[in-house]
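In the two complexes that follow, chain A is the common piece, with chain B as its partner first and chain C second.
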Partner chain A sequence: MKFSDFIIRGTVIKELKNNDKKDVIQEMVETIKSVYKLTTPKTAEIVEALMKREKIGSTGIGHGVAVPHAKIPGLKTVLGAFGRSRDGIDFNAIDGAPVNLVFTILAPPDRAEANLQALQRVSQSIRQANFCKFLKEAKDIKEIVEIFKESDENIK
Partner chain B sequence: MQLEKDVKITNKLGIHVRPASRIADTANKFKSKITFIKDGFEVNARSIIELLTLAAGQNTAIKIKSEGEDAEAALQAIVNLIESNFEEKNNGNKKRDRGFTGD
Partner chain C sequence: MKILIIGAGVVGSNLAEELSEEGHDIVIIDHDAEKIKNLAGSLDVLAITGSAARPSVLKSAGVGSMEMIIAVTNVDEVNIIVCMIAHQLGVKKCIARVRNEEYAVTPVVDLKKIAHLDRIINPEQIVAQSLEEILETPGATHVAKFANGQILLRGFDVPEDSSIVGKTLAELKEISDMEAFLIVGIARNGTMIIPTGSDEIRVGDNIFVLVSRDTLSMFLPLIKKRIWGVHRVMIYGADLIGLNLAGKLVGKVKEVVVIEENEEKAKAAAAQVPKAIVLKGRGTDLDLLKDANIAETDFFLALSSDNENNLVASIMAKKYGAKRTAVLTQDPDYVAVLESMEMDVVVNPLLITVSAILEYIRRGDVRHVVKLEDSEAEVIELVAQTHSKIVGKQLKDIKFPAGALVGTIIKGKTPVIPRGDTIIKPNEKVILFALPEAIKKIEKLFAVKR
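Now for the complex of A and B:
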């Protein structure tokens, strides 16, 4: 799976308005819902599913990256968003570090492999030297999209 | 000491974030180096991010390599964890209320 399969220009948030974990998740869900014109499920229900997942164990997987994800009934494909936080978000990440880069992934309930492939895509990229650094330094949405595109081309 | 074992991932959702963090936690408890190999691709089991790059779904065959003084205990702990389906209570057999799940 490529970034372009689940993150599009419209769901890239250059600077998140919020710093609180739940507020950030809500902001990203609202973005996905508005871009894809999803009427159901309700924002609150999706946020609740994502927060419930966070309670089991943080999706802050290190390198300042978090991958909040949940399975959402009614979806046919994986829908994602990317958001940046300059100040960093307290995500209770495994390495304790604040999170600056958030990849929110909403997956269809019956497609466990799609969820894994989206997580694979993110994890493959963030272990590459400079990927996170470039994402943090990108000046605008265009540059962020370009970094994803380049990463898609470099990894099969 | 170096040991190897072939296992199959049996939990319904495969090695997603939570199982990956369980594996990494377990691997970090031992001195031995634990390596997961899928289709010839090797990753360090101490790293969640490395494990996630495998995208190992249900029924994926994995070779686990354990190298070090406590290789046997380390390998056994990892195999036990996989065979327990990562203690996921719900492996899709039960009906979930409203279908919202965060795995």
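Now for the complex of A and C:
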């Protein structure tokens, strides 16, 4: 699966408005909902599902990256958003460091393979040298999308 | 399988022992008559004294009837030449230990091709790789990999503040489905439990989990709230292993410091790994360690060629604040002693070479097995054969032995956590966790029907 299969230009947020974990998640969920014109489930329900996963274990996986994700009833395909925070968000990440890059993934309940592939896509690219650095330094949304595109080409 | 081993040093004799115990026919050649005499007396192998690089010696060992040759003498050139001759005399598979980096890594010489080698074993590279893996999963009690590294087995002690304490496996199911992990074993009070949905995780459990390599980072926070990442690494010794590891780490951690006593080696290290900080001096020099800010070091690795200096340096590093230490010893007899001295990681290149060769040989088989040291449980990787009982039926309709659990099925490139309605198809890789009493029954399920 490629980034372009679940993160599109419209769901890239150059600078997140919020810096509280739950507010950030809500901001990203609202973006996804408005871009894809989703009416159900309610924003609060989606945020709750994502926060439930965060309570069991933070998806702040270190090096300034967080990947909040959950299965959302009613979805047919994987939907994602990417957001940046210059100041950093306290995600209670495993290395204790603030999070600057957030990948939010909403997953259809019965597409286990696709869901895993989306998580794999994020995890594989953040292990690549400079991927995170370039994302942090990108000037605008166009550059961010370009970085995803290049990454899609590098990983088969 | 008939296997010819060249060289009866630590690596050769350990291989001979392991492989003959597994039922292979072993012939071993070494020019040292004393070593050969000892081996012949202790193992059920045919041991021959002679120079293996001479075709006449190889012929007298019956080289023409061998299916595999493993050349592990101390001399690269001997290993290479022996394999070339063996290939010409009809041996199908040739494995050589080659330590010289110029042979092993530069793209200029394609040694595999010109010498007809199936596998080049470079211990220094293997050691550097395994150290890199250990650095990547801090806090694991066991590490092993399956399906070409796609699936990892990790053991963890469950700490008091872990958020999965008190949760049943059923409660974790939604997360584990999506993130492709499965807790396959719980070691509790000396007993290994194969958990079902109603089993809960308790403080102090040693849990074993099969997890996709790509989602390990998402799984870790479920076990531990904080894992102090490795940001600053100090390596004592700019020999092959130290240099190799420094090269691997410079892009990944914030700072890599290399300490080397020999001026030439220090200069070479600075040139080869320009992003590392290279300090000239002894790893046992306390002032130097303090100057290099040992107290702020997450991992100190003593990898010089001097066993004793490595030991002293790592004891000092730990005492003066390094969070974790690794120590390299060339002497297999030191390993158990060092492990009992609270060294976090003890590395012996010879033993690592033995296990790398064994892993390579076994990969040809259907089975790849990892035994968990303290219990008798095994993690087994099998390929589902077309005419076996395991394929083509929903898992819930298969009579599965108690004491065994399907951990992961590799479908295409994606690892899948099995459910009741999952069907295993022919040629899919299956990774199982099994207690000894269940292993025979598992083998029957995977055996081809007659």
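Here are a few things to note about the model shown:
Methods note: the second predicted complex is superposed on the first by the 156 of 156 C-alpha atoms of A that agree within 3 Å, B and C clash if a C-alpha of one lies under 4 Å from a C-alpha of the other, contacts with A are read in each partner's own complex, and residues count from 1 in each chain.
Convention: contacts are C-beta pairs under 8 Å (C-beta built on N, C-alpha and C of every residue); 3 or more make two chains touch, one makes a residue touch a chain.
Computed from a predicted structure; not experimentally measured.
Overlap between chain B and chain C is detected when the two structures are superposed via chain A. When the two complexes are overlaid on their common chain A, residue A:Q124 makes contact with chain B and with chain C alike. Applying the stated contact rule after C-alpha superposition, one finds that A:I72 touches chain B and leaves chain C untouched. Of the two partner chains, neither chain B nor chain C is touched by A:V12. With both structures placed on the common chain, the touch criterion links A:N115 to chain B and to chain C. Contacts of A:G96 after superposition: chain C is touched, whereas chain B is not reached.
In the overlay built on the shared chain, the residue A:I32 is in contact with neither chain B nor chain C.
Once the two complexes are laid over each other on the shared chain, residue contacts for A:L50 go to chain B alone; chain C is not touched.
Within the superposed three-chain model, A:I61 lies in touch with chain B and with chain C [touch as defined at top].
Legend: residue contacts after superposition of the two complexes on their common chain; A:I147 is shown touching neither chain B nor chain C.
53, 56-57, 59, 61-63, 67, 69-71, 94, 112-113, 115-117, 119-120, 123-124 are the residues of chain A that lie in the contact sets of both chain B and chain C, per the superposition on chain A. Every residue of chain C that touches chain A in the complex is listed here, in rising order: 163-164, 167, 172, 174-175, 177-180, 212, 214-215, 217-229, 251, 411, 414-417. Those residues of chain B that touch chain A in the complex are listed here as 12-18, 21, 47-50, 52-58, 98-103.
Those residues of chain A that touch chain B in the complex are listed here as 41, 45-46, 48-54, 56-57, 59, 61-63, 67, 69-73, 94, 109, 112-113, 115-117, 119-120, 122-124, 126-127. Taken together, the chain A residues at the contact with chain C in this complex read 53, 55-63, 67, 69-71, 92-96, 107, 112-113, 115-117, 119-120, 123-124, 129.
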